[in-house]
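One chain, chain A, appears in both complexes that follow, with chain B as partner in the first and chain C in the second.
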Partner chain A sequence: MKFLARKIKGNSLWSDALRRLLNDRFATWSFVVITVYVVMAILVFFNLVGSSWQESMGPSREAPDLSQGPLHWMGLDIFGRSVVLKTIQGTYTAMYVGLVSSLIAIPIGVLFGAVAGYFGGWVDDLITWFSTMLANIPEFLLLIAIAIAMGKGTTTVCIALGVTSWVGLARLIRAEFMKHKNREYVVAAQALGGGHMRRIMKHIFPNVLHIVIISFSLRFVTGIKSEVILTYLGLGAEIGQRSSWGLMIADASGELMQGVWWGLAAATAAMFPIVLAFSLFADALRDAIDPKLRH
Partner chain B sequence: MSSSDILVSVRDLEVEFSTREGPVKAINKISFDIPRGKTVGLVGESGSGKSVTSLAAMRLIPNPPGQVTGGQILFNGTDLLKISEAEMRKIRGNKISMIFQEPMTSLNPVFTVGYQIAETLMLHQGLSKSQARAKTLDLLNQVGIPNPSQKIDAYPHEMSGGQKQRVMIAMAIGCEPDLLIADEPTTALDVTIQKQVLDLLQDLQEKYKMSMLFITHDLGVIADIADDVVVMYRGDIVEKNKTEEIFLRPSHPYTKGLLACRPPLTEHPRRLVTVSDFMTVDGKEKVAPKIEYVNPTRSFTEAANPVVLEVKDLKKHFPIRGGIFGGVVDHFKAVDGVSFSVRKGRTLGLVGESGCGKTTLGRTILRLIEPTGGDILWKGQNITHIGSEPMRQLRRQMQIIFQDPYASLNPRMTVGAAITEPMEIHKIHGQKAERLARAEHLLEKVGLPAKALSRYPHEFSGGQRQRICIARALAVEPEFIVCDESVSALDVSIQAQILNLLLDLQEEMNLTYIFISHDLAVVKFIADDVLVMNKGKIVEMASAEEIYKNPRDEYTRKLLSAIPKGVPKTLLDRGITLPNLNA
Partner chain C sequence: MFAYIVRRLLYAIPILLGTTFLLFLLFNVVPGDPALQLAGKHATREVIETIRAELGLNKPWYGQYFDMLKQLITFDFGRSYWTKQKITDMILAGAGTSFSLGFPAFVISTSISLLVGLVIALYRGSKLDKGVVAFSVAAQSVSLLVYILAGQYFLAYKMGLFPISGYDPDFIGRWQYLVLPIIIFVFLSVAPELRFYRTIFLDELYQDYVRTARSKGLGTKAVLLRHVLKNAMIPILTNLVITIPFLILGSVLIESFFQIPGLGDLIVKAIANNDRPVLISMTVLGTFAYIIFNLISDILYALVDPRVQLK
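Let's turn to the complex of A and B:
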């Protein structure tokens, strides 16, 4: 990717960050892995891949067999369905939960954090009080409560994860806003006649955006992992239209005793690269875009 | 001088930094000596390579991107660049120690100052805990910390900037080093504190007979302290000589420029001389223009210079909270009953030490901080309590230029966006294209090329950034500008350029300034009238000339006596005056 890095023009902190990312081997490979998963999820969404996953391909719980073609590589499940296709289907669920739960949590966190940090006073007290209260309820209890109240399903998992996980980001953003609002460039904007919205959106926000981006990629991983755990606990995806890695792992709890390891192995093997890639990418992102880490 | 008299000998030192555009030479084969027990002043502007030289001597150049590519640094005959890292550690902080520019960040905030000093002593001198504490007390006493037995257990945040720098000095001299490197140790300090720290360093140097390498951008500062001076420009040594010789007979145009660009205290030139008056960018000598001296007291008439700003009994008190329930226990009176007025087209200087309330006053006048009491009248209209929208409209007429040009520009906005933003806010100067054209014009006015528009603040030097800030303030065509320590963070040579620019703009656009500074020399040059502030109150108010000639208040006298004379004392004592370089 170095040849791409050399092509980037401009000297803004963003183009500089992109140049750094492209020069970072880990970041580049992580990005390639993430892209492969995203493309896979999109293909599944449009039913271009793995739409026939519910069809029976052979005997129940057939062991992995390399000779019968790719669909048999990871064996078959209790209903004789291809584990490879189920895993591919699960990619969609995982990416969906990661994305949607982040898209819910991050705007809430940013909004509350920004408002609390910028305005301070009673607004800050109120938001801090509310978020601390929320953070003090054990997360899984809250998730279980929401899941029970709203009924099971992938969307419930997304909402439950979204509304419970914004607190950490809100605290980070609040601290950054408190720091930046008294910086001279923000006071300068005020002296020039800029109102609150301009100062928040045009001046402070771009300077804390790196935190949002980094926490987005970290949230994504947490979303994927939490979906698996919640589904395993029986609160997540229902057996229905789409498969999920969590469901596969949940099934494995009974199957492992009978020596059926391939369902669990396939789900774990699919999860491992994406979780690792996102974590590495978040790390590289922080190195590239956090102004504090610059020389 | 025999070789045994030389403590440090730098020979053909070369340092390179790798950048995206390829390797850049920061230091280009420089050679100089530091004699035993003497002080060498290393002078040059930001980026001249003076700090890199000192870091090379400590073997502290960050690698990558930096690398020493050649030469020797002989310390007592040993080449510091050849010895092992373990051997170097024994020398660093022990035989060679260093004080940095920023006392605020060079002390660890979570340890007491006593602990930080004692740690060095235990590490290098093998003292026991109680011995180290006793020696720390003695050191704090030597560097003039009041009440050392209490202050030894204080945390850095409980001390003032000057005290922190004293602690740094105590730490540096703790192991009785052979060489003390002082990297701009007084640049971040007020003039009064600067004088105290300089006196202290000189005393300690004589007492311990150590050598000192004093790095500064201001030749005036080292006039008294240095025995020899080395002048650096863009990685080269352009001149080295005895201090007296440098002041009496500077040979390189850059040295001449540095000597001439300080605001003089006795005469009143119309413009300050700058380095570029003496030499071209590539170092060729120019014939310096003759300085035009003017009558320091500019006359004014009621018709042409009506009072535009009137401040009456202005107060800003910050509540101090304490007790279990965080109630208000007292008030910190940052501004305490200040009254004055400013006339159109004139400059009011506001002088005082850090913490005297001058910045708060400047910001309160612009209602960037809400006043506690009193009135602010702008062209007769009381603006103390007007709503945020009318105040926002008024901001077109009143602007501010801050001290730190690095902090006052948004790093994520191009220069073009920064300068057009105020026009956008006030919906003036038509559409985007017209606004950009106007921004281009403003950049030209402050002496920057039009292509700067699409670039980002971090690509500019401190002086250039301050020019951008000025252009941004001018974008709304203000009548009145508060310059809050606007030149304090800049090198003297750059400071002269910015002061000239401010004067030119005032003349051209009939601007009114309030010029805030801790440096009376700068204020005397630029201001018509001067207010001296101490502890939130005005202690003296008079014309700039009058303040300098007949200071009435004790505090004003203290400020005046702290200004570096810019002439070696040995010359002053013999009644020798410096040659007029522009004659």
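Let's turn to the complex of A and C:
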């Protein structure tokens, strides 16, 4: 009777999703691009790459020159600093903004959404009222208000993005929890003596996890794009510590008419693949987990 | 219906109070005394105290909050720290300008995205559909600033087709300055909007009523115009109404780059000059407008869809 003891491994939601993701060419490539950028950001963080970005390499605003080595490939900025190194440094700022704003928005969104959806009643009313209030302040103005209240800087940008963006996630999670809390498997868990905490974390949460991952990926898209805009408005990164794509693009607004196009080009070229990869990855993940939603 | 409107209006009051209070809290966390900023470096204690009293800063917090509400209701926001003009006048002047930029851009971009969205939804999965969606995803992966910079550089500076920047308050004269900003505005709006409309149309196209209409022998045109468009109008209309406050707000970035003195430009200058009263009044007013238009949108929704009721 040995064969009966063999464990039969079925297809779970996640193994199915993973198989679909691996079959999806866009998803695979997006994942490769994201990995490259994350590795780059880690290298920058430990000062292994581009730590000498503040050194002057030559004349101010030297045009791109392929003959003088890779540091001159994208030209030099106003202080003679290598645009290639600045762009690499910017990878860190972009990932930092995406990560920190996610780490703020996602726990708040999940917690509020789960509690509101699961318990309902006055807790739900209170949380819904609070999130409606936040949602009623046009996001852009709220970002400015927070940035002004907290002082300027990259961290402020992250906090402002985090605080303004949890509402949408909380709504999605709330709706899912309301749908799941009366399903048979949750009722069964209750019948077996599972408490609220166990039902929320062990039973329902894994079923809404995909929303969190998709939201995580999309946070990076918003984060990277908003950093550029807020930096242009003068609310972003302090100058001096780390370069950012936002700073490079904002600088271009004064330089472009003088024919200095390379800073803008380098920052745009660096931003395009990673933003595209994160949005395609989020789409692919959504399709992989719920093929019904595929449009 | 009347009862619904009344309930919805009553529901808006706590939201309005809560939101304005939240903003009040946020703006009062700001370090630094506005009276000191206004009085300058060499002010005496008496001067600073007089300014504090004028601004109402010596009142308790609820008095200051009440002042903020009063400003909103009477539409009198005091004076700007920077230009010393009345903020109400600045906002009224900026609103007309922003509207001249925003309204044509809104009409054009909505028409284009509705049309393209409907067509690609009809030919779902075709090369055209995939191409348009891929293009719009790719286009959205580039920063808005890059489009504005590139448009201004190539079309205005290099090719000289339009003025680089500037504005003429004259109603006829302003348009030569507005054409390029409107083109860029439309370009920036179409990419996200057309995907939104495509999703809405797709949701409708696979409904049972479409199949019924088809099976009773209606042609594509009749199904689209008489059934699909009518149903899709509900989410589209409500979405459009919510967009209106943002039109009046204008595109902050476009106005700033082209030096068009609208509300967006007002905000950018206020940030640069640390002009708190202007920022506060713009935020409060923007929020107020958003709540009002949300209200209108909800009421419209209930008018076109009788199933909607507020508990």
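Points worth noting:
By our rule, the second predicted complex is superposed on the first by the 280 of 295 C-alpha atoms of A that agree within 3 Å, B and C clash if a C-alpha of one lies under 4 Å from a C-alpha of the other, contacts with A are read in each partner's own complex, and residues count from 1 in each chain.
Note that in this section a contact is a pair of C-beta atoms (placed from the backbone, for glycine too) under 8 Å apart; a residue touches a chain by one contact, two chains touch by 3 or more.
Quantities reported herein were computed from a predicted structural model and do not represent experimental measurements.
Applying the stated contact rule after C-alpha superposition, one finds that A:S253 touches chain C and leaves chain B untouched. In the superposition on chain A, A:F140 makes contact with chain C only, not with chain B. In the superposition on chain A, A:L233 contacts chain C only, with no contact to chain B. After overlaying the two complexes on the shared chain, residue contacts for A:L280 are found with chain C alone; chain B is out of touch. When the shared chain is aligned, chain B comes close enough to touch A:Q190, but chain C does not. Residue by residue along chain A, chain B and chain C are tallied for touches, and C comes out ahead. Within the superposed three-chain model, A:W129 lies in touch with chain C and out of touch with chain B [touch as defined at top]. In the superposed pair of complexes, A:V39 makes contact with neither chain B nor chain C. With both structures placed on the common chain, the touch criterion links A:A63 to neither chain B nor chain C. Overlap of the chain B and chain C interfaces on chain A comprises residues 295.
By the touch criterion stated above, chain B contacts chain A in their complex at residues 62, 65, 363, 366, 368, 388, 392-393, 395-396, 399-400, 402-404, 407-414, 421-422, 425-426, 455-456, 458-459, 469, 472-473, 475-476.
Per the touch definition, chain A reaches chain C in the complex via residues 129-130, 132-134, 136-138, 140-142, 144-146, 148-151, 225, 228-229, 232-235, 245, 249-250, 252-253, 256-257, 264, 268, 271-273, 275-276, 279-280, 283, 295. Every residue of chain A that touches chain B in the complex is listed here, in rising order: 11-14, 183-185, 187-195, 198, 202-203, 206-207, 291, 295. Of all the residues in chain C, the ones that touch chain A in their complex are 14-15, 18-19, 22-23, 26-27, 29-31, 124, 137-138, 140-146, 149, 152-153, 157, 198-199, 202, 245-246, 249, 252-253, 257, 267-268, 271-272, 276, 279, 282-283, 286-287, 290-291, 294.
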